[in-house]
Amino acid sequence: MKDELEKYFDRLWFLNRSLTGDGNRETLKILSELIDLQITEVPSGTECFDWTVPPEWNVKEAWIKDNRGSKIVDFSKNNLHLLGYSIPINKRMPLSELKEHIYTLPDQPDLIPYLTSYYKERWGFCMSQHQFSELQEQEYEVYINSSLDYKGSMTVGDVVLKGSSDREILFSTYICHPSMANNELSGILVSSFIYNELKKMTNRFYTYRFVFIPETIGSIYYLSMHGDHLKQKLDAGFVISCVGDSGNFTYKRSRRGNSLADRCAEIVLKHTEKQYIVEDFFPGGSDERQYCSPGFNLPVGSLMRTRYGKYIEYHTSGDNKDFISFEAMEKSILKYIEIINVLENNFYYLNTIPNCEPQLGKRGLYPTLGSQKGTTAFVDAMMWILNLADGTNDFISFSEKSKSSVQELIPVVNKLIENGLVIKNSVPFQM
Amino acid sequence: MKDELEKYFDRLWFLNRSLTGDGNRETLKILSELIDLQITEVPSGTECFDWTVPPEWNVKEAWIKDNRGSKIVDFSKNNLHLLGYSIPINKRMPLSELKEHIYTLPDQPDLIPYLTSYYKERWGFCMSQHQFSELQEQEYEVYINSSLDYKGSMTVGDVVLKGSSDREILFSTYICHPSMANNELSGILVSSFIYNELKKMTNRFYTYRFVFIPETIGSIYYLSMHGDHLKQKLDAGFVISCVGDSGNFTYKRSRRGNSLADRCAEIVLKHTEKQYIVEDFFPGGSDERQYCSPGFNLPVGSLMRTRYGKYIEYHTSGDNKDFISFEAMEKSILKYIEIINVLENNFYYLNTIPNCEPQLGKRGLYPTLGSQKGTTAFVDAMMWILNLADGTNDFISFSEKSKSSVQELIPVVNKLIENGLVIKNSVPFQM
Amino acid sequence: MKDELEKYFDRLWFLNRSLTGDGNRETLKILSELIDLQITEVPSGTECFDWTVPPEWNVKEAWIKDNRGSKIVDFSKNNLHLLGYSIPINKRMPLSELKEHIYTLPDQPDLIPYLTSYYKERWGFCMSQHQFSELQEQEYEVYINSSLDYKGSMTVGDVVLKGSSDREILFSTYICHPSMANNELSGILVSSFIYNELKKMTNRFYTYRFVFIPETIGSIYYLSMHGDHLKQKLDAGFVISCVGDSGNFTYKRSRRGNSLADRCAEIVLKHTEKQYIVEDFFPGGSDERQYCSPGFNLPVGSLMRTRYGKYIEYHTSGDNKDFISFEAMEKSILKYIEIINVLENNFYYLNTIPNCEPQLGKRGLYPTLGSQKGTTAFVDAMMWILNLADGTNDFISFSEKSKSSVQELIPVVNKLIENGLVIKNSVPFQM
């Protein structure tokens, strides 16, 4: 899986993704090799809640030349050199004028910042502070061959993978950051590979929805179209972001704080990771801001590794291929698969012989040699499940209360089902 | 009390108790000197929920002789040598065949294990690993003169000690382990002596039910007969087990986790013991497994000293008279009496002068010299009770909130009752 | 403010305050310079709940002379020398007889105790243990020119400062301790100055009630007159006591434990003090005993500095001007003003664009340069408020959840109101 991840990473890295444009279109086209995306073109000017889809932005060329005609920065070398959504310009100017359009990171002098100006028309270039401080007093030639097309569109991809139930699980990732390895491309890749794994599963209970959108305006558009449906059907969702570095896992809770998404992610981390971080919801971050806005308040959290804002390479040219690890990325995929496994098994169970214990021995489920000093983990787990299966506890509760992992409990509950000792239901039993 | 405990211990120790049989009958007969037990013979084959009462097992003789005719193990020396519920046999066999029927504890080579085979017919002997490893290749004579009578019965004892209320408190102990001092006989003795003390109390509020049964099948039978009644009437119950060693007290909560049984036991331990353990319910253990099965979910916990499974002598010949202390056993009885004391005082109280404080001074309940720097514990306790007596707090809440022990509060509340300042009720006052 | 506090302190210190009498009358008259008190004379003998207003006590003169005619103690030097509510006497007696009427503090031999005998008729003097131990065998002349007037009255002051709402906030302080600087006079002064500050505030939402009463009998009388009204209208209240020393703040919770008073006081302390103490309600102390009696259970707590009973000078002549600090007293006033500020802003808010985030940028509320590494505290606070403003969270919840102080949040919420992005209400919005 690692090698394939790297292969796709390398093909996607240089595309100029933004809120709109051909880079996004090309990205979704490549991903369509992995995931059955349905592509939607949303016309610029489309109104969604308080927002309007911006004009489509494309860039053919962008550079600054010094007075000897050498390109001192060139968009074709690094997408980050160009301020996102820069308007076109073609002009000679002295250093003093140029400086007003150059952005750097004085505290991280080696790195190029990632900056945008989506909703105010301006132009600009980003460079390292080192390069900036060496600029000479001279005339520079500035050239940006970009277009802002008000008749263009924003490109969005999604796919719904049906299960036996119409209850839904959402995975949402964003496709608008150019050349950000952890804080963007890792999410795109992990989401696509999760889909790939899920598609192989037969007998899925849940219906899964994958969404690939530009951050903020994309999720706002998506909610304007599907928000009411999600309010009805969504049981859990995750914004997938920053899943490519080697740091410990971080889970950011949904606004509800104890939603199914939260309980699943936390029980998996508890039983599989030695060190991890759980954070309460806060209204900064990625598209969980929209999913968890008070009008929707959807059960959407985010399982990341090192969280945006918590590593110094965040939103700089330092968030590149060197910063991430394809091994870590693969583990992120597997962690999400474990969460899916919990979801797919999280039924309510009812003990069919609730008065006293059923006699397990006569069913071959209990040692015939009695009064032994210890019991096996399997017998212990049976006892827990039979005791807790009163129709009100879900499977995550079983794991929480018995302190056994969901993985350990799954074969046990299946054995009890086979023996007719418990039955299951997707919602609590009515007593 | 200690000496009498020891006297009964010595008379009961050598009886061969099991699920059924004359050893159990004889045990209950001796206990009838202490407790007014009603004996019930439950016919073998009786169905109760998912279980069937097993045939009655009795043993006349059981031994293994070597080729010189010496008995190398003899049931008459130690009940544990015989695997519980062994079927009869009378046969010579080589060591290789014998070995398949011998059980030892390789990790505790000096001790004989306690083992049974209630629901699968087999025969076997238990011995120390030391003895086992010295067995020579030769022919052995194996003799078990036991009987499994399908027309026999299981012997059960119980008694109901009426109080002024029909609300009930249950004490349940098991009578099926031969020669286990802490993990069986201590429970039998402590239960009987609690009864003895309770019988002396006049004006009991609660009705007390004592149950002496073989573990598991006994409580399942008992619940099949009295389960619906207990669901209606039981306010608290305790499985009495492992109360003879000198370890700290351990309280295992009922499945509900905050039942009256739990609150009583925990408030008593909190105010009287420096070190003790409280454990959440888990579905292993003794008859609380049946009382707390999901169909009953009764408020039954268990106050023990060192809990089964937590001491290495558990279910071995090491759980003998040396392991226990009659002083500790007496203290266990007194601890249960303290719990009963809390139960008997755990009413709801209503302040009859709820608006502002009543003037205690004019009733001689408050110092006439005012503005003194400190107040007495008695005055403090009056103030707490008057403040909390809003009809919704029970007496345990008074203790929890005032951080005074129930023992300290009892004379205070009685003084307030005498003065007409509070009235009491067995259930919350309707406001 | 400090100097004015000291000026009033000095004028009030020598007045002989008690449950009744001219000292109380004079005290309220002086305070009327600061606060628009309405004075009520409650006739002695008035019944209120379980209590009766005592006769009015006044003292003209009180001393003990030795056999050379020297006054060894003199009420005119220190009010504390006379046992409160001493009946008149004029008699010569030997030391042995005198000793039965003298009170000291053997453990604090330099200090004079503060003692009273309100409800039992007796006479007595208080002196230091040092002085007491030097008394010679001789005849003493004892003279107390006091009066207990059953046709007198108890003097009470209160004032209601109207706000736009009829929901009320209560401040209650006591006026019955003679010459106690921290444990009495500090409360009187702080209450008066809070009133002064409040009166300057325009657009008060809440109606504020200030009560100046003798402890216990005063609050009982007050509740007998206004208790039903307060049960209907009171949202929060505070007993102001022990607010003059330099110790850390102590907040004693109301009986409810999470009343609005408690939440306000605790959020202010959390965001403004490094070290402070929060205590659960207990039924000793000052007039919160009456306000929080079970029949009323009003939301009344008490913000103090070092709490009564927690400093050794408590109820002795050591609780004097040296013990307190007018700087600390001023800070106590400001701390209460902060609490009032929280109360006055503690509305419920509703986001008017609840589906996804409103576009702050087009309103000039968000930086136009996107994707910057950090956001400002102001933007963060806007995001928190917009996310939490679902109509069910009050402003204290905003502070609790966002971990920003109320002071920081107030300008932010006002900016959002200006922009029409949130609306407010004094009670939760009906959804």
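As written, the chain order gives the labels A, B and C, with residue 1 at the start of each chain.
Keep this in mind: a residue touches a chain if its C-beta (ideal position, glycine included) is under 8 Å from a C-beta of that chain, and two chains touch if they have at least 3 such contacts.
Just so it is clear, the model here is predicted, and its values are computed rather than measured.
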Task = List the interface residue numbers of subunit A and of subunit B, divide the shared ones by all numbers used, and answer same when the ratio is over half, different when under half.
result = different
Remark   = Cα superposition of subunit A onto its copy subunit C, rotation angle rounded to the nearest 5 degrees, comes out at 120
Query = In whole angstrom, what separates the CA-based centres of subunit A and subunit B?
reply = 54
Remark   = subunit B residues touching 2+ other chains are none
Task = Flag every residue of subunit A that touches subunit B in the complex, lowest number first.
result = 351, 353-359, 361-362, 368-375, 380, 383-384, 386-390
Task = Can you check the complex and tell me which residues of subunit B touch subunit A?
result = 48-51, 84, 103, 113-120, 122, 177, 216, 219-220, 223-224, 227, 255, 282-284, 289-290, 292-297, 309, 314-316
